[in-house]
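My structure is below; once you've seen it, I'll send some questions.
Letters A, B, C and D name the chains as they come in the text, with residue numbers starting at 1 for each one.
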Amino acid sequence: MSKKVYNTAAEALEGLTFDGMTVMAGGFGLCGIPENLILALRESGVKDITAISNNAGVDDFGLGLLLQTRQIKKMISSYVGENKEFERQYLSGELELEFNPQGTLAERCRAGGAGIPGFYTKTGVGTLVAEGKEHRDFNGETYILETGLVADLSIVKAEKADTHGNLVFNKTARNFNPPMAMAGKVTVAEVEEIVPTGDLDPDEIHLPGIFVQRIVKGTFEKRIEQRTTRKREHY
Amino acid sequence: MPWTRDEMAARAAKELHDGFYVNLGIGIPTLVANHIPEDMDVTLQSENGMLGMGPFPFEGEEDPDLINAGKQTITTLPRTSFFDSATSFAMIRGGHINIAILGAMEVAENGDIANWMIPGKLVKGMGGAMDLVAGVKRIVVVMDHCNKKGETKVLKACTLPLTGKGVVNRIITDLCVFDVVEGGLKVVELAPGVSMQDVKESTEATIVA
Amino acid sequence: MPWTRDEMAARAAKELHDGFYVNLGIGIPTLVANHIPEDMDVTLQSENGMLGMGPFPFEGEEDPDLINAGKQTITTLPRTSFFDSATSFAMIRGGHINIAILGAMEVAENGDIANWMIPGKLVKGMGGAMDLVAGVKRIVVVMDHCNKKGETKVLKACTLPLTGKGVVNRIITDLCVFDVVEGGLKVVELAPGVSMQDVKESTEATIVA
Amino acid sequence: MSKKVYNTAAEALEGLTFDGMTVMAGGFGLCGIPENLILALRESGVKDITAISNNAGVDDFGLGLLLQTRQIKKMISSYVGENKEFERQYLSGELELEFNPQGTLAERCRAGGAGIPGFYTKTGVGTLVAEGKEHRDFNGETYILETGLVADLSIVKAEKADTHGNLVFNKTARNFNPPMAMAGKVTVAEVEEIVPTGDLDPDEIHLPGIFVQRIVKGTFEKRIEQRTTRKREHY
């Protein structure tokens, strides 16, 4: 009975994209990013995207692919610059950039998804981040007001989905995916495996399907940004 | 003899106590992990969503779904737990991490810290640094006393845009250990062979007795 | 013939659509679950922390760790997921639930609803009712048109302390179905054998054409 | 190496109680309540407690036990009154009561634990709950300011803990336990089973041990408030 499952990433985005839209993309660095949906977004040709994502990918992978094609007008991120094209567009003024502290960014997404339009945080008080924001004291300490974020579309990546959109993530690939899925007016999830509803233990579901409107099975490159290893000392 | 990077990390490791939850920044702070006594129960947090960070994987065992906040491949430990970014920073912002050991470009005598941007240079962003300095109970900075030009990084007031205001508790440099106290910085330890005079000559911040 | 309780529940079930996430209140709204067509994919939320609420357990299979928001023992379904109360109300407050069907003591023509306290009587609390009416996209009230004294519950303005202000979209009573529209309530359906005149006589609220 | 495990509920509370303290107690109705720690709190004799709990138990179980002994001065709850003694104390003015909408209460705990001293919500606008609270418009809608809650002590109940305090909950017994554990200056968890650290899958931990300072294995009555069943039609 479930109508959430789509055959291709392109089909999963059908009818959801429009120029000037706001898109949240899950992932931290290149870990847990919605590789397939980013490609489908590129193919869709949608322009003037405001992309909310902790990072901006690298030149030829992740959101970097949408920078190459100049489909992104503005980014809201906490850390960028593993990406030459990003740098060029930013320095030339072609790309707008809003830096958010990482925790503020995560909480803004969770708040947006939870119907909380604003919250106070200590993060950034006394810094550039606090400029122009309301300051307020609680119990003798100063906090600033940050607002909730909502996206026209959230694209996220999980390890598994059941056909009702219940999601399970793998290790640190969870990261921004759950709060961003909560904050999407529509959320599309790409996964490594779609299992029949009932296969997931209800206590082990990380994100209930109510936050996920469409699902597609992807194929994944899973690029590693910093391959660090240690020598095997004992055999 | 000023402390080497590794000696600074070893000194910083003395800030840890049994049962602590700890966030280590990039650079010298990362080395602190190598100096945690084996019998001490310390849990390392990685702000991308993990408690109980293990060492780098053996070659060939790298898992792209298992990285730390520096985007390096790592491993789990028996105690490991994973969670999303909102929960991770709930821990940080909520004061549940006992200590963060971080690098810095500048620190000031009032506990200000600057470690995220240099005006005129390309800015990569603050990542989780502002959340850490604002939320974690105790902030220890580990850094060289002077920059590569030989200019002190221990200032009366930071010149670079701040990461946090009045948040640093202790500073460990290659020359000494300072505490941020009323009125300025107090030297609580000197590297072997380093004199108080050496420290004073390399420091702009007010040093109090 | 006014609708019976069960007929009201059946009428309310017509408010549901395929793929909906639904929160049902206590009383008549609970009966709505019995009228969901078998081929319709509807997921019931229980605000204590569950999506995919199943029927009551067979005798002897009650699980004290598995209850609904009315504290009744229930069961799971294949689609069920569990979560904590903060996440549960993030769903509700964040507008992720498509519809809530709730009982009421009073509703007013401007969409106000009162269903949690009667001054002078012992107040048990609002539970999750205020969160539901404020957060859920569409609020449908199912209630008797008049109270036990024969006084209308469909008012120009609520007399009891409100649960939510201007939040009700549709009202299903034993006599008719109202929509809350500009200027008052619009009758969109009558129970069989009930006339517009009957409704007008039993309603204080402004009825608009 | 872990020092989080205590032998008895009484030992687990040692040094943590003082008159006038604020205590959060997890659970919804009688489901997932910290039965053993409530008893230990009663034995401790601590007085003038402000208890933050969604409900107030029944006369002879749950927080009702602390009402019997008049150890509670004030309750912050969303729904009470399955409890005659509660009713008597409240009507006679012996017990203070602050009603919070259930979702506001849950979010206030989560906020307190997450270092968020205040947040805006639509819940309660135009009702008694909004009286005296700041009103503010975001995107043309009115919201009220609610504050984060922190407790001197949080007592919670989980199904399993490992010796580092990582917790796993069972079904709807999860409820308020995780957000309240986050909001405790000290959090003590009672569990049905303590397993060696390493036995829990790191992706299946519901609440990381950083939020839990002490653990004790309890024995549980698990009373059912509304035993509802259906007839077996087929065999």
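The rule we apply is simple: contacts are C-beta pairs under 8 Å (C-beta built on N, C-alpha and C of every residue); 3 or more make two chains touch, one makes a residue touch a chain.
As the structure is a prediction and not an experimental result, all values here were calculated from the model.
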- If you tally the C-beta contacts for A-B and for B-D, which one comes out higher? A-B
- Please report how many Å separate the Cα centroid of chain A from that of chain B, as a whole number. 28
- Approximately how many whole Å separate the CA-defined centres of chain A and chain C? 35
- Between the Cα centroids of chain B and chain C the separation in whole angstrom comes to 54
- Expected list for chain D, residues touching two or more other chains, is 107, 110, 114-116, 121-122, 169-171, 174, 202-203, 206
- Specify, in ascending order, the residues of chain B that touch 2 or more different other chains. 76, 82-83, 89-90, 92-93, 135
- Message: Quick check of your reading of the touch definition: is the inter-chain graph here a line, ring, star, complete or other?
- Response: other
- All chain pairs satisfying the touch rule are A-B, A-C, A-D, B-D, C-D
- chain D contacts chain A in the complex at 107, 111, 114-122, 136, 138-139, 141, 143, 147, 168-171, 174, 202-204, 206
- Message: Considering only the defined contacts, which chain A positions touch chain C in the complex?
- Response: 1-3, 110, 112-116, 162, 164, 166, 182, 196-198, 200, 202-203, 205, 208-211
- chain C residues touching chain A - in the complex, by the definition given at the top: 18-19, 21, 39-41, 43, 45, 51-52, 76, 78-83, 87, 89-97, 135
- Message: So in the complex, the part of chain D that touches chain C is made up of which residues?
- Response: 28-32, 54, 77-81, 87, 90-91, 99, 101-107, 109-110, 121-129, 159, 169-179, 206, 222-232
- Query: What residues of chain B sit close enough to touch chain A in their complex?
  - Reply: 46-50, 55-68, 70-74, 76, 82-86, 88-90, 92-93, 112, 122-131, 134-135, 161-166
